[in-house]
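Paired with chain B in one complex and with chain C in the other, chain A is shared by the two complexes that follow.
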Partner chain A sequence: MRKFALTAVLVFLGGAFLPGLARDASASISLEKCTLCHGKPEFRKLLVDGQIRDLFVTGDTLAGSVHAKKVCADCHFDVSEIPHRERPKRVTCTHCHFKGNHEGAPQSDNVLAYFDSVHGTAIARGNTKAPLCQDCHGSHAILKAKDPGSRVARGQVAETCGRCHMEIYAQFKGSIHGTALAKGIAEVPSCTGCHGEHRIYARKDPKSTVYPTHVSEQCSKCHSSVKIMGKFGIETEQVATYNESFHGVANQFGSRTVANCSSCHGVHDIRPPADPLSMVNPKNVPKTCGKCHPGANPNFAVGKIHVDAKKKESGIIYWTATFFKWLTIGTMLALVAHIFLDMYGRTKRLRGER
Partner chain B sequence: MSHADLAAGKVIRMSLLFRVQHLFLTVLLTVLAITGFALMYHENSLAQWIIRLEGGVHNRGIVHRIAAVLLMANLVYHVFYMLLSREGKPELRQLFIGRQDIDDFLQSLRYNLGMSKEYPRFGKYGYKEKFQYWGASVGIVLISVTGLMLWAEEFSMVFFPKLVLDLAIIIHGYQGLLGFVLLYLWHIYNVHLHPSVFPMNPSWITGKVSAEWLREEHPLEYEKLKEEGLL
Partner chain C sequence: MPEDDRKDINRDAVAREIEAAVNEQVSGLPPEQADALREKIRLRVREEIERDLRARTVSERREAVRLAREARKKEKDAEEGETFLRFNRNFRFQHMVMFSSVILLIITGMPLKFPGFILSRFVINFWGGIQNSTIVHRVGAGMLIYFMVHHFFYTILTRDGRRDFVLLLPKFGDAKDIAHNIRHFLGKVADKPRFGRFSYIEKFDYWAVYWGCIIMIGSGLFLWFETDVLRFLPKYALDVAHEMHSDEAMLATLAIVIWHFYNVHFNPDRFPGTLLWWHGRITEHEMKEEHPLELEEIVARRAKESAEVTNR
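After this line comes the complex of A and B, so read on.
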């Protein structure tokens, strides 16, 4: 009977404490088990295409990252046998990263936005080259985007995107935005500044921030801000004057073929007008305009492009507009005066006839 | 003039051909004003509604250009008609602005201000009609020049720098506005709101006016017709 009571107490205690103990134990054991092989620096695999895949991981691999408190099997949960009979699958971040998760991962719908994006839909169609979360954010050394060392931080993200978009990255690095970014200027846009972060769409997709009719709005986010542009001595009314021009009006009414900011200034290779490589350098203007206006000649570069008739600096254009304005007002006043005088005179005449 | 007209006290003021030209002018100028101002004031919500109604900016441009071509054709036809036809030549002679018109204008001003007791006596076309006629004709020619320059922008820019085309846009728009103001304040007053014709001078539809009206507003023409025995 005493024996039975002791067993019962032990079973009860075991039931209460062992699961906790066991979890901690299994976690540490799991790390130890993994590093048994993966902890060797020479642990790597030769892939079929001849590339070498480094499989070296230690207990410090996750240290300092946002997942510092996680262990291997938290993400590689499909691994159940050592050595693995099948190659472990790519990690599915959505296991924890969704709105309403109980794992302590940030509450955000970014993963849904990603699945709708050009990258997410490419993955869904079976394009193995399209990036998953870890291709941009990194796999083990993931840092918060605000951390300057993060692969998706403002200063780093262009290089991250450039790993696949190589030509564009090369163009961007030489552009005014790219060089300013390299100087560490905080306001300058990197890839995500214009294309968005998780919500990246192909430029022909109407949802895209760089869809032809959205470009001027996207550029104006910074370029119409006196606060930002004032720092660099750049004019801010370029967007307003564009919107007033034939190009701008057609664009606002949905024309997809009319010139927008990037048609003339370039896309990833935007350079200041003084730069001889700039598309809007006076020497290159005929060629740039010639993309849409066949036979464009140097006349296209004579006169300001972003002209505002309401400003004195526009010279003859301002004076002509002002002249017509006062001519119209003057004519209206003269005609109204004439009408009233004429009506008064006629009433007088009628009275005289009677 | 038929006997029925004479009996009813009616006088022909606009022949059928002139009425047709006038109708074209009315319709085309309205179309041009609606499509033009919708573009000029594109920020306005009414303008945006009109542009959508016209099927977007591209179609708006096509409508505007078709109306412009028809208007120019109308004007060219009118010029030839006035210079060469049997009906046009005497009309044109009566439309020339002379010393008399300036005197008439000043005289009417003096009369309306109470400085004179004599109101000027007009022929078939007084200074009001002549100002309207020449204002519209010269205005259409000028606005056509800038309009054609902007239409064939690639061709224009072979000869002119961009600055000239920017000026052409400004002039085209403001001239349209000026023409519109003139049309409304001058023509609408003269043929609709003027007490002698209110609500409308019917001659643009029927071609006829009453002899009584002619005697009152264009006494010289009335007397001339009387002398010729046409009244």
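After this line comes the complex of A and C, so read on.
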């Protein structure tokens, strides 16, 4: 009776585990099986919209990428039989890439940041055009972001974003940042420099790094640094002078309508002032200011915009500031001296009376 | 009749008169009817008297309060002497318009000069953000401009205004007063300088406001109507206006908070402040202390006037 019970338990357990073991065994489809079809260079599919989807994958595809040691079924784990009847599902990176995983995959919260971002929320709402991990990082040839060949490397990321944001990419390529990026200058920001990497939000979202009240902060990350700007002969006073101007002050108090850096200099099409296409070129200043100040005329461009009253080059503004500085110091010294003399006299007389 | 300890001879006479009239009326009637009529008249009279008494006690109470107040005032006046009207109602009104506008302007303007301060952020948020606080600033500006125009016409059109303007003009005597006062503070001279209607301190306050109003209203209007100004002037003119507005605001605020507040609030003679700005009156004692020359003038003028009257 006891023996029977033990056997029954063993049989039951075997019945419970063996099918699983068997499935695991069949799931590890070897690379050779996949390349039977995918190894042929002419293996491609004509899509409904006329586009051709190249399905050519060989054993070398993953070589050199961060997933060099992985095989097809590690990511395409929903393929359980060859040939697969249905199109494999989109790869879910979070299968391995989550914090606390045992796979040895890099651990970070980036995936959570992504799901909170404008792209992640669009996916969650069912927008099939919104990008998943592989849309930016690439599907098979994924390299580390620091690798210059990576699609998300500083030099490449603009093109990657531009695959969807085409007009903006075209504007950016012509801008001072875009041309500098093409020259391979290391300090220049690409898309992610301002918008963030995984934490990309819509510009009307207060969490966004390019929300109206965050723009100046974002630009000043580089433009207030003498170390960076000194290399290119650009002055850093723009940040301080903006913050002291009414525009800057109102911006610091949370006004979303007041001008920030990009209101005047442009957003993706920022160009140096000497460029005739620049929004801050003296010829274009009336138009640029006219966006908020209807009736702006060329007088708006007479005189420096980012003026610093503490600098002698500011001319009459410097002299006005200096005059008032000494007038204030002189007057207040005289008045405070008078007050203290008065109090001194009172104390002395009170002591005398006592 | 109800008992009343304030009843007087007059009232007794009226009572007797009524009694006689009633007696005359009831003399020919049978006793029951006479009693009924007598009762009716008595009720009517009592009603009348009670009403009269009610009205009288209210007015008497008011009268008593008024008399008590006058008596207290007289007692106080005996200590302080006579009171003089230092600032007329018009002048007091101007001062009130000015200080309320300046308070509004300072609390909505200063945060813009120090945007990093937590207090600045609190004040701006108090008004509901920068959009609202700039509107409040313009309301204050409108009040200050009104004050300036009002004062200009007050100076030209009224007799007091013209007299005060002339008395406020700086004179050589003021320099001597300053030197004298400093020597007094240092204990070199026992007595204070003898001031007229306006001491050099008050003259400084007046002209500081004059200068401040011109600078602040002028540059403020530039900043208010910036697009219209830029139609005729280059951008650096606006920058100059901005610099002036910001710097003069600081100077004016410091002058008010340190100098004016010391002189009218924290000065031990005044602490915590007088109600001169409200009722405009100053006592003879204060006159003797602070404006002896003006008091002398007033006394001399009165003597002359009364002499003229007697001569006539």
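Descriptive notes on the structure:
Just so it is clear, the second predicted complex is superposed on the first by the 304 of 354 C-alpha atoms of A that agree within 3 Å, B and C clash if a C-alpha of one lies under 4 Å from a C-alpha of the other, contacts with A are read in each partner's own complex, and residues count from 1 in each chain.
The criterion applied here is as follows: a residue touches a chain if its C-beta (ideal position, glycine included) is under 8 Å from a C-beta of that chain, and two chains touch if they have at least 3 such contacts.
Treat the numbers as computed from the prediction; the structure is a model and nothing was measured.
Applying the stated contact rule after C-alpha superposition, one finds that A:L327 touches each of chain B and chain C. When the two structures are aligned on the shared chain, A:A68 is found in touch with neither chain B nor chain C. Within the superposed three-chain model, A:L335 lies in touch with chain B and with chain C [touch as defined at top]. Touch criterion met: A:A250 reaches chain B and chain C at once. Overlaid on A, the two complexes show chain B and chain C touching the same residues of chain A, namely 246, 249-250, 252-255, 293-297, 299-305, 307, 309, 316-317, 320-321, 324-325, 327-328, 331-332, 335-336, 339, 341-342, 344-346, 348-349. Chain A makes touch with chain B in their complex at residues 246, 249-250, 252-255, 293-297, 299-305, 307, 309, 316-317, 320-321, 324-325, 327-328, 331-332, 335-336, 339, 341-350.
Residues of chain A touching chain C in their complex: 243, 246, 248-250, 252-255, 257-258, 293-297, 299-305, 307, 309, 314-317, 320-321, 324-325, 327-328, 331-332, 335-336, 338-339, 341-342, 344-346, 348-349. Chain B contributes residues 39, 42, 48, 51, 56-58, 108-109, 111-114, 119, 153-154, 157-164, 166-167, 169-171, 174-175, 177-178, 181-182, 185-186, 189, 193-196 to its touches with chain A in the complex. Those residues of chain C that touch chain A in the complex are listed here as 111-112, 115-116, 121, 124, 129-131, 182, 184-187, 223, 226-227, 230-237, 239-240, 242-244, 247-248, 250-251, 254-255, 258-259, 262, 267-268.
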